[in-house]
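We just call them A, B, C and D in the order they show up, numbering each chain from 1.
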Amino acid sequence: MKRLFPILAVLTALMLGYAVYQALVVAPTERTMGDVQRIFYYHVPSAWTAFLLFFVNLVASVAYLVKRNPKVDALAMVSAEVGVVFCTVVLVTGPIWARPVWGIWWTWDVRLTSTLVLWLIYVSYLLLRRFSDSAQAPALAAALAIFGALDIPLVYFSIWFFRTQHPQPVIGGGGSIDPRMWRVLLINWMAFLCFALLMCWSRYRLETMRREVEEAQALESLLGDDRGPSAEIRNPKVALNRSGQ
Amino acid sequence: MNSIKFLYSAYAATWTIHLLYIGSLVRRYRRLKQELSELKQK
Amino acid sequence: MTDAPPIITATNVIKQFGRFAALRGVSTEFGAGKFYAILGDNGAGKTTLLRIIAGLARPTGGCVSVLGMSPRDACREIGYMAHASLLYDEMSGMENLRYFARLYGIDDDKHGDQAIRMVALDPTLSRPVGQYSQGMRQRMSLARAILHDPKILLLDEPFSNVDAQSAREMVTLLTRMRDAGKTILLVTHQASLLEGAANKFVRMGAGQVVECTNSLSAAGTL
Amino acid sequence: MHKQSFGGGDAMSLLSSTTRGTITRATLTKDIRLEWRSKDALNSMLFFSLLVVVIFSLSFDPLAEESRRIAGGLVWVAFLFAAVVALNQTWARELRNQVLDAYRVSPAPPNALFMAKALGNFFIVSLLEALMTPLFIIFYNLRALGPAWQLIPIGLLGTWALVVNGTFFAAISLRTRSRELMLPLLLFPISIPAVLGMVAGTTAILTGENSAHFWIVLLLTYDVVFTTACLALFEKVLEAE
């Protein structure tokens, strides 16, 4: 497994390079938008990757509540974190694309707004993980992930309806996409998927390592020679959990 | 065309975000390594 | 380890709170109808072990069985008392017990009345519990723990806020309950109070059971 | 050695569903009685929302026509913030003297506790809304141009939407390091569709330009979905230790 990592890394780098070449040189220039349309090859694959990762997070969260397997919990947290990174890319590249094309940075349309809400929900998920201690975080975070997943269709519907009531400047593009564009898009998506996998992999290894260190420190806290006051006094976090059941 | 600078800035932004994240991973990894070596010394 | 049939069994129980461990592999048994004093320094894992037996905390590893069941399933046979009173300060003793009785599916006032009398308090007292003296509050807390007549009593530092006189009265109460057939596990660092009262002294250190003896003198100086 | 089980069915099967109702009722009466004796949550919330009304009305000078368009947003944002004040108090009483542990060691189902808390919060927040609505009407010269009776289902469904998730996330955030700070951070993102439903529905009725039916259905769906989710997952939150 460990040998596979550098191989995958090299492969991903090659793919990403090839994908950039495809996106900037090979793909045909769009008629109305011009070259700026090439942002599409970064924006859309990032969105798909983010959604996929959030879906993985949901599956892992449900699985954790059923099986209580700490490895599944690590997978849930890793997919959420990398998902937020890709979602950030979507939210940053979106306005950069919108500005030259629509003349505005942002519009409260369905897709933009629900992606923003999705991002907010998963940022709150990561915050919850950061602010709760590691004994309780998995179950709490899993519950929040399920709530988030239930929320998304409602968010989409409500905003969709809200927008149809209040007409917006018509958003261009649309229509059918040139098959050559499709090909470039898929190549880019594959490259970004590999890249996401790579990041998840490293983050997962980091998380496993963090847990190992934590375990070692826990043992140390119990056996160390400098064991003066109780763990509760030295670690206010534990004391708080005791008092705040 | 002027819009080309938007294209480049979008690509640059994407990679800045990814590199920042990878940087944070490396930083966290280093800190863990250090904690691990401190633990081993004890 | 015990001469009485075991009623609580802990098998290789591990508990970790983030960077701190509380228990690292506790395996022990508690026999029916005995009075156990669980002793040890702060941070030795006494409270954590008790909370796991009470079903309040989930062990990181290993398992605990009470009467052959999981602690949660055995909850009707467990009475739990902590150094905090576990009572609503703004309500009177009887009002408190009436509410907690409901949680056990008990509808009448008889059980509450009986429990309050057993700890030598007056059930008709209308003062809110917040205005009780420490000793009285502690006894009311015991009344709450024995409300549903459990087979097992778990007490976590019951003497931490009370004067010596009240503590001695409490010990007498507990020995009487032990004689009536209850199994008692009491966590404390004031071991001397239990000399002659407890049947077994379990000493914990660094998240493990260090020794289990029949008298205090053998349990080392504390 | 049997496997240690904390999961769903065990604790619930200990008591029948009728006793579950009894426990919910007992907990609710207990909470209302305690709240009546101290009036902590109610007083702080009332004063807080009065402040919100006054500060909002200072920030612009509404004409009847204009205020109709924005009042929906203002009213619900004010209620949302006031509700957070009340929701943060929900579990405070159970933490004092660690009474929550007494509930947790009993065979009483966690669901019953959740339902009692959510109903209690619903009661308090509704009371607050009933007291504040006249203030809004007076300060902003409000008069509905659409069917005003529809404001009642929107109010009830919207309040339940805030309260049911609020109670749940208050239980989550009380297990984190910075309890009171965490609640709005978790609650607001999830509540966005509900808040949009309340605001847009109220505005539709006040201006009389659109029908509010869609928003009522949306709020109803939201309530059903999240009440089910809360009841299904609350045990996992309560037992997370």
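Just so we're on the same page, a contact is a pair of C-beta atoms (placed from the backbone, for glycine too) under 8 Å apart; a residue touches a chain by one contact, two chains touch by 3 or more.
Just so it is clear, the model here is predicted, and its values are computed rather than measured.
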Q | Chain pair with more C-beta contacts, A-C versus A-D | A | A-D
Q.
Suppose each chain is reduced to the average of its Cα coordinates; what separation in Å results between chain A and chain D?
A. 30
Q: Please compute the C-alpha centroid of chain B, do the same for chain D, then give the distance between them in whole Å.
A: 40
Q. What is the distance in Å between the mean C-alpha positions of chain B and chain C?
A. 52
Q) Between chain A and chain C, what's the gap in Å when you average each chain's C-alpha atoms? A) 47
Q | Touching two or more other chains - residues of chain A | A | 133, 135, 217, 237, 241, 245
(Q) Give the residues of chain D touching no fewer than two other chains, as numbers and ranges. (A) 98, 101, 104, 239, 241
Q | Pairs of chains, among all present, that meet the touch criterion | A | A-B, A-C, A-D, C-D
**Q.** Complex interface listing, chain D residues touching chain C
**A.** 1-6, 10-11, 14-15, 19, 22-23, 26-27, 30, 33-34, 37-38, 93, 96-99, 101-108, 239, 241
Q) Which part of chain D faces chain A closely enough to touch in the complex? A) 95, 98, 100-101, 104, 165, 168, 172, 174-179, 182, 185-186, 188-190, 192-193, 196-197, 200, 210, 214, 218, 221-222, 225-226, 229, 233, 236-237, 239-241
Q | chain A - residues contacting chain C, complex | A | 133-135, 214-215, 217-219, 221-223, 227, 229-235, 237-238, 241-242, 245
Q) Given the complex with chain B, which residues does chain A contribute to the contact? A) 20, 33-36, 38-39, 42-43, 46, 82, 85, 88-89, 92-93, 96-97, 99-100, 195, 199, 202-203, 206, 209-210, 213, 216-217, 220, 224
(Q) Touching residues of chain B toward chain A in the complex: what are they? (A) 1-4, 6-7, 9-11, 13-14, 17-18, 21-22, 25, 28-29, 32, 35-36, 39, 42
